[in-house]
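Mind having a look at this structure? Questions to follow.
Order as written gives the chain letters A, B and C; numbering starts at 1 within each chain.
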Amino acid sequence: MNARLARICVMTGVLAVVLLPIYWLVSTSFKSNREITQEGTLYPHVPTLDNYVRLFTEKQFGSYLTNSLVVTFFSVAIALVVGAMGAYAIARFRLPFAMDRKVGLFLLTLRIIPPVVILIPVYLLMLSLGLLDSWLGLIATYTAFNVTFCVWMMESFFREIPVDLEEAAMVDGDSRFGAFRRITLPLAAPGLAATAIFAVLVTFNEFLFALALTATPRAMTMPRGTATLIGRIDTDWASMAAAGVIGALPIVLFALLVQRHLVRGLTMGAVK
Amino acid sequence: MQSGTQARKYRLQGAGLDLALPYLMLAPGLMIVLGVLVYPLLDGLKASTRTYRYGSPISDVGLQNYVHLWSDAQFLNSLWVTVKFVALSVSIEAVLGFALALFCLREFRGIRLLRTVLIIPMVITPVVVAIVFRLIYASDAGMLTALSEAMGGGAMQILGNPLNAFIGLVVLDVWEWTPLMFLILLAGLQSLPQEPFEAARVDGAGAWRVFADLTFPMMRPVLAVAIVLRTIDAFGTFDQVFVLTRGGPGEATRLVSIYGYDTAFKFQQTGYAAALFVTIGLVVLALAFSAIRLLRRIDAS
Amino acid sequence: MTHSSRSRFTRRSVIKGGFGLALATTALTALGLPMPARAAGKKVIIGAFADGGLTPFKQKIIPQAKEAGFDIEFLEDEYGVTLEKWFADAQSGAGQYDLYLLDDPWVPQFGAANVLEDLGAGGVDGADKDWIGSMIDMGYWPPQKGPRVKGFEDAKPTLICVPFVGDLQTLTYRNDVFTGGAPKTWDEVIAKGKEGVAAGKIKYPVVFRGVSGNPIVTSWYPVFLSFGGAFFDDKWNPIFNSAEGKASADFFVGTMKQNAPSGVVEFDQDQEGAAILGGDAGAIIQYSGNALKADDPAQAKVAGKLDFGVVPKQQLAIAQMGIFIAGVPKSAPNKANSIEFLKWYTSAATQAKLSEAGSIPVKRSAFGIAKPGNRLIPVALQQLDAGALPRPRTPDWAKVEELLGIELNKALQAGSGGGAALDTAAKQVKEYLTTAGYY
């Protein structure tokens, strides 16, 4: 009985700590600025949808969402294809000069370096290529980051798939690439899914490079667009809260939908 | 970080396309990475030995930028703030995450709800997490102030007081990332072999003994990996601070990432900022690789 | 063949998923991008940072610009990133904007990098006597008066920016506390403010911004100027730690802090605004964006009790001036439209409309119209004539402000040592400018 009580207490405590901040964000987004700064209410006394309407009429949240979807989709898709092939190459083949091992280590090293370290040179690169404030600039950058990650994750999935299956297919007349495409890749599908989900999360949420590389609604992604409202000169709390809700909604829904795969993907690398 | 079992691999054999296959498969990925990550990295090294004025390089200064870093009070302060922030947040997250994972190890009603809810903080866009916490801390519009006023108190000052703002930032990080710690450690706990625990139960060992003699030692590798992952990540923290405090008040929450960003973009000292970031990259790499070596040693013993 | 069935499943679902996403994207693009068919006109893409000071322009002038044949695209971003964004845009020639609405201290950086169009050559008359002199002066690089940074000593001043919306600090005070009109001196602010506190009308005599960096420096600056301080000498040596400067800093972190809300160290514009609008504070020096809220009952609890005046003096009554100033990047895609728009906008007629809409204009004639949009406008002219100074014209002002702001903020937290803070800051500024090659 005691243990059960303790369990309920801990559960309630954790839920409150996690959900209360989110409640406050959502509830603030339905208040007017006057109510927020001068009345300090605990829930919206005069609920309004104005804050949300403003995001799509006065601000360009429609464009931000489009940009985010396009950039996330292409950079994840390209990275998955390219990354899965690369991972297969180093997981399955013994290359001269231990290249298979070295490439893996090299990509891991790149992954460990905090992204902010290469912010300036990437920015200078995009500037010299004329790719600032464009989908292409963002897609190229995110694809590169995602490739390091995809190769690293997929390599371990491919290793778990027995070589014998491929050999059997090759005996049946498949080419080596055919065996990869028709046998190994499908078997690695759950791993691919976990990798993709993780990449989507990271890419959709990315802010630093979006901040440096975009300047107008032409290419601003959701987090970057949200940050146009964090004003320190004139804080529009109500819009900021609504922007927070809109900015986070797509990715939270996505994460909850694919929960199961997500948890596996997140924990897999570490536990193994 | 994968251990042990080296899977069987193909030797290169055959002729024609099959011989070139691994290279063809590896090439696109490597090309993207070389072009978009490695080339800029080398470019950054070059930039770090120059002085920029009004956005263009004007002179080569060799390693002077690197030397100057160590007499730049603002850089040293930002480094110190970063170390404090990482150490404090990651250790709190590890302890809380471990405790929660132990608590959730046994299935009970409501656990699925708990796990679902715990996913939310770590998937929310970091920029939005910072907005959430600004809405909590703000002295005029904040939740803490509203609560305190509802109970008859005055406005709460969090983001203005240097110590409070720093603690506020740590709390944000703990809120956001404890769930990840929790999930990793829970998966680790669930993958532990059952026999030793059953044997201990038969022997009548108390809960504390089981934890100290079995759970903790067996969990050490997973715990270490989780801590290393979080530490690397925390070193690069930028978004949350950028939105929450932009480094203030004063320099109380100015992490190296923020100082580097401002140095590059606000003060236009591109070369100096490049040197700063190269230094940070090296520090993190050194940390990570010594941690990996340490892990191997734990694994081996 | 289990794996083949699995394979089909995966491939199909992947393709389906991708297709769905692409479709959704296209649909969103179709919905999101082309807002109601654009009125054809002379396109001008304006970049601005989010600031209440531009509200009258947005609400009243942009519609008139459309009638005048301009197609205005107005892009706002957060203040903290606009400088680097626009500078990058101008420097790289990316051509994302036709017009930047800059904060005036940024002009030197753009000027030194030579990335803005010569507006004088474009036909804007900088010599027009109708300009507020101190405002149009800020549009020249190198500056016509005062010290010049190295490399520009002999360059001919060029008009690279024109004033867009005037703004400067004035005093907002409670007329039920300061019953004899605007307080003339700082001593009066504190003394009468204390009486107001004792009478229960207000909680604090003054309020200001204490947050490190630009905010605290902005709040301290008019005090510094009123005490008779000067920032740099002719050779760019920092002299703000003179006796007058130190007295102003000690007064700021000591007396003013003691008479301000306890959390003033963390106050930025929101908090100081809330303190004056919510009825807690007796007086405040602030820019017009916030001052204008005083007459709006929806935002001010004490609307009707707030009046405007010239800033208090110790020796002088000088305010800081910080205006929106417009520059056209050399890379602007619609350069000609943009300059034409500026000519239309800065004409006496449009400026009169701006004044009517409630913004501080940049032409003298527009101050004198029959019905200015708010009662702050005549006060602003009084302040301009009493004295208003821009910040020093150096591209390194951002760093200087930061170094000084950090030290002032530390002293403010301690509640003492303002003078010593200025000494430390002066030393750091001198070091920084030395490495930047100033001497």
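Here are a few things to note about the model shown:
The rule is simple: a contact is a pair of C-beta atoms (placed from the backbone, for glycine too) under 8 Å apart; a residue touches a chain by one contact, two chains touch by 3 or more.
What you are looking at is a predicted structure, and each value in this text was computed from that prediction instead of being measured.
Common neighbours of chain A and chain B, by the contact definition above: C.
Averaging C-alpha coordinates per chain and comparing to chain B, the farthest chain turns out to be C. For this pair, chain A with chain B, the centres built from the Cα atoms lie 15 Å apart. As a whole-number value, the distance joining the C-alpha centres of chain A and chain C reads 36 Å. Among the residues of chain C, those in touch with two or more other chains are 80-81, 270, 274.
Across the assembly, chain A contributes residues 37, 211, 227, 230, 232, 235 that each touch 2 or more other chains.
Residue positions 138, 140-141, 246, 265 of chain B are each in touch with at least two other chains. For chain C in complex with chain B, the residues that touch the partner chain are 80-81, 83-84, 87, 91, 109, 112-113, 210-213, 262-263, 265-267, 270-271, 274, 395-396, 398-399, 402, 406, 409-410, 413, 435-437.
Interface residues of chain A, counted against chain B in their complex, comprise 7, 10-11, 14-15, 17-22, 24-25, 28, 36-37, 40-42, 82-83, 85-86, 88-96, 100, 103, 107, 109-110, 112-122, 124-125, 140-141, 143-145, 147-148, 151, 156, 159-160, 163, 175-177, 201, 204-205, 207-208, 211-212, 222-223, 226-227, 230, 232, 235, 237, 240-241, 243-244, 247-248, 251-252, 255-256, 259, 262-263, 266-272. Within the complex formed with chain A, the residues of chain B that make contact are 1-3, 7-12, 14, 17-18, 21-23, 25-26, 28-30, 32-33, 35-41, 43-44, 47, 100, 103, 108, 110, 113-121, 123-128, 130-136, 138, 140-141, 143, 145-147, 149-150, 175, 179-180, 183-184, 186-188, 191, 222, 225-226, 229, 232, 235-236, 238-239, 242-243, 246, 257, 260-261, 264-265, 270, 273-274, 277-278, 280-281, 284-285, 288.
Those residues of chain C lying in contact with chain A across their complex are 3-4, 6-7, 10-11, 18, 21-22, 24-25, 28-29, 31-33, 47, 49-52, 75-81, 85-86, 88-89, 92, 94, 96-97, 268-270, 274, 277-278, 289, 298-299, 301. Per the touch definition, chain B reaches chain C in the complex via residues 53-55, 68, 74, 138-141, 155, 157, 159-162, 165, 246, 248-251, 262, 265-268.
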